[in-house]
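One chain, subunit A, appears in both complexes that follow, with subunit B as partner in the first and subunit C in the second.
Up next is the complex of A and B:
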């Protein structure tokens, strides 16, 4: 109980309090404390990375040795990770190296391909979802169409009405971004900010303890 | 009437086919659509254009291959502009490990094109564990935070980084991200050290950055492929961003037409059901 609950709570309280004080009270001590904190945090982060590395191998080796469902994928994961490590150790990591070629022609290509499929799904989803069923839906539909046209050059090319002094589609889309979008976003940001502040205080004061895990 | 009703249920394969044609054809048949420049892109351009060879721009390529098509043209355009102005460029991947493979070859290629010398005119730091901590650390000691470049050379041994103490010696941080990494730069570099920050963000995330832009926390913003295309127009070097805008134009037109057809079909069915 003491080591698992009280010590972490004490560390969080002291660190939260001291970090807040050092931010608002600039002094040599504050600066030194801040520098030390950054060094420590980076070192802890590196240990976290090493832990993640071993955890990855432990999980997948366990799956392969137990021949758990889909263990073949675990084997491929281990082999791929080892291949990348060996390629980097033997041929370096710079452009033109085997490591970089493996990344660009496999991982990067696969990631980009899968993500680009979204264009097709979104097109199909937009066609099916954007129905002017109500006034609100119509407003959303119009805003979406204006934004879609306003963010591409063809929007300006088809804005023939600018000859009469009316704003182009691009200008209307810019207004949507700068006025209604900004108002909504700012309200959300303020809400999230206040919520974060409150949550931080609750964690520092030990009221919020879910990060400690279950009993 | 049946024909109109069918418009509500167009087969998705037809939609996919038309989107494919709309995306692919503009790469072969260009119409040269004019691209207007938005104030947020112009302000980034103006800021970099006002820098001198003694200035240094830090570019963080915080993106992965999924958004490479949108953000790499931005990276190319900004680096090109800096090299043309003989501004020093330091590139890193503060938040995204995968960004290394995307920006390092591009940086080298651009440096060769502009005859820039590694370690003197530009440097590549790669990725290091830390994220926000690196941003905080750079405000105190740049060399202590990064120590070496991507290839293992100590920063104190390279002319470009030898005299960089902290953000005081960095004229601009340009963060290219597919997520919200620019927020960390604002919180830890702008708020604490008053570092000037520009952001290059995917189109889908760009709307989120307007409050920070209007508040002056970002000096400018490149939103999506259009942002890249606008910057390419400003530096008079149309490349992938400008070509991609035509494809995006026709894809958007195709989607809008499908939406209109879908609504015609929807109202035709509704009218039929009422009767």
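Up next is the complex of A and C:
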């Protein structure tokens, strides 16, 4: 109990307290302490990486060995990971190397395409989200439409009312982005800030302990 | 039209079209592309992790910085303790490394959350409201919108009466904010789609469009 639970809680409290105080003490010692913490955090993170890689290979090797449904795709993932490691070992990882080409012409291309795929699905999502069932939903719809028109040249082209000195769609979209959108985001950021402040305090004081696990 | 002779462009086009087959339905070609990107991403991560973290941030300081470098053995031992999660019997030892990281991270966040997410935001919201375009159409909207949005997120009091009315104004601001964000995201995704189409037309098919 003492070694498994109380010592970790003590470490959390001491480290949390010291790091919080460090911020308010502008001295060389404080700066060195902060730099040391960053170095240590990176070294601990290195071993976190080991856990991640172990988990990846364990899951996929398990699927292949058990011949679970779609195990062939797990095998492809393993082979591709090994291919990248071999490519880096043989040809380095500089620009123009096999390693970088493999990354840019496969993974980077696939990732960009997957994100662009969302352009199609976001349209159907928009249909469901934008059905103006209330005046507030109408506000959401109008803001989105103005924002989309404001980002493309046609937005300014159809703004015939600018002849009377009224702002164009582009200007309106900019105003929406900089004013009501900013106000909404600021309210959210303040809420998130207060939330993370409380969560930090709960962790340091040992009230929040879920990171210790169930045992 | 001059088709590309670069094998890498052909590979990229193959994967681009494979991903787009998902528009029809989930199929083996899409799954293939998916598992390739997972594997390539993992391999990329392993190589970068080894070079940028293990070698640059651990091995080089350990072997070249004398006593200061040797101190890195302490976090390395803590890191090894984190790896004990793999063995259930010794998994509790990982708590020390987690406690160090989470405790220090929380202490690190505490003053910075106050500074960046609370004080700076409040400071930026305290704007002069006067009879001018900026005063009324910018500053007033920002002050009212932020306060009303905050009141909407305050659930300890029932949203009724004046309080409920202000919370309702907050909803309006939030809806406009979400709409703007949605519209912006749609355009970002469309821009990516245009990028992929241009890649196929220009780089692969060699079409001179503009």
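For this structure, a couple of remarks:
Basically, the second predicted complex is superposed on the first by the 208 of 215 C-alpha atoms of A that agree within 3 Å, B and C clash if a C-alpha of one lies under 4 Å from a C-alpha of the other, contacts with A are read in each partner's own complex, and residues count from 1 in each chain.
Convention: contacts are C-beta pairs under 8 Å (C-beta built on N, C-alpha and C of every residue); 3 or more make two chains touch, one makes a residue touch a chain.
Keep in mind it's a predicted model, so treat the numbers as computed, not measured.
When the shared chain is aligned, subunit C comes close enough to touch A:7, but subunit B does not.
With both structures placed on the common chain, the touch criterion links A:153 to subunit B but leaves subunit C unconnected. In the superposition on chain A, contact of A:61 is made with neither subunit B nor subunit C. Applying the stated contact rule after C-alpha superposition, one finds that A:127 touches subunit B and leaves subunit C untouched. Of the two partner chains placed around the shared chain by superposition, subunit B and subunit C are both touched by A:119.
For subunit A, the partner touching the most residues, choosing from subunit B and subunit C, is C.
Of the two partner chains, subunit C is the only one touched by A:20; subunit B is not.
In the superposition on chain A, A:90 makes contact with neither subunit B nor subunit C. After overlaying the two complexes on the shared chain, residue contacts for A:207 are found with neither subunit B nor subunit C. When both complexes are overlaid on chain A, the residue A:178 reaches subunit B and subunit C alike. Shared interface residues of subunit A, touching subunit B in one complex and subunit C in the other, are 41-42, 45-46, 48-49, 93, 103-104, 107, 109, 111-112, 114-116, 119-120, 122-123, 126, 141, 145, 148, 151-152, 177-178, 181-182, 185-186, 189.
Contact residues of subunit C toward subunit A in the complex are 8-9, 11-12, 15-16, 18-20, 22-23, 31-49, 51, 53-54, 57-58, 61, 71-72, 74-76, 78-80, 82-83, 85-86, 91-92, 95-114, 116-118, 121-122, 124-125, 137-138, 141-150, 152-153, 170-187, 189-190, 192-193, 195-196, 199. Those residues of subunit B that touch subunit A in the shared complex are 10, 12, 15-16, 19-20, 23, 33-36, 38, 64-69, 98, 100-102, 104-105, 108, 129-131, 133-134, 136-137, 140-141, 145, 150-151, 203, 206-208, 210-211, 214, 223-224, 226, 229, 245-246, 248-256, 258-259, 261-263, 266. In the complex of the two chains, the subunit A residues touching subunit C come out as 3-5, 7-9, 11-24, 36-37, 39-54, 56, 70, 73-74, 76-85, 87-88, 93, 99, 101-107, 109-120, 122-123, 126, 129, 136-137, 139-148, 151-152, 173, 175-194, 196-197, 199-201, 203-204, 211-213, 215.
For subunit A in complex with subunit B, the touching residues are 31, 34-35, 38, 41-42, 45-46, 48-49, 93-96, 100, 103-104, 107-109, 111-112, 114-116, 119-120, 122-124, 126-128, 130-133, 141, 145, 148-149, 151-157, 168, 170, 174, 177-178, 181-182, 185-186, 189.
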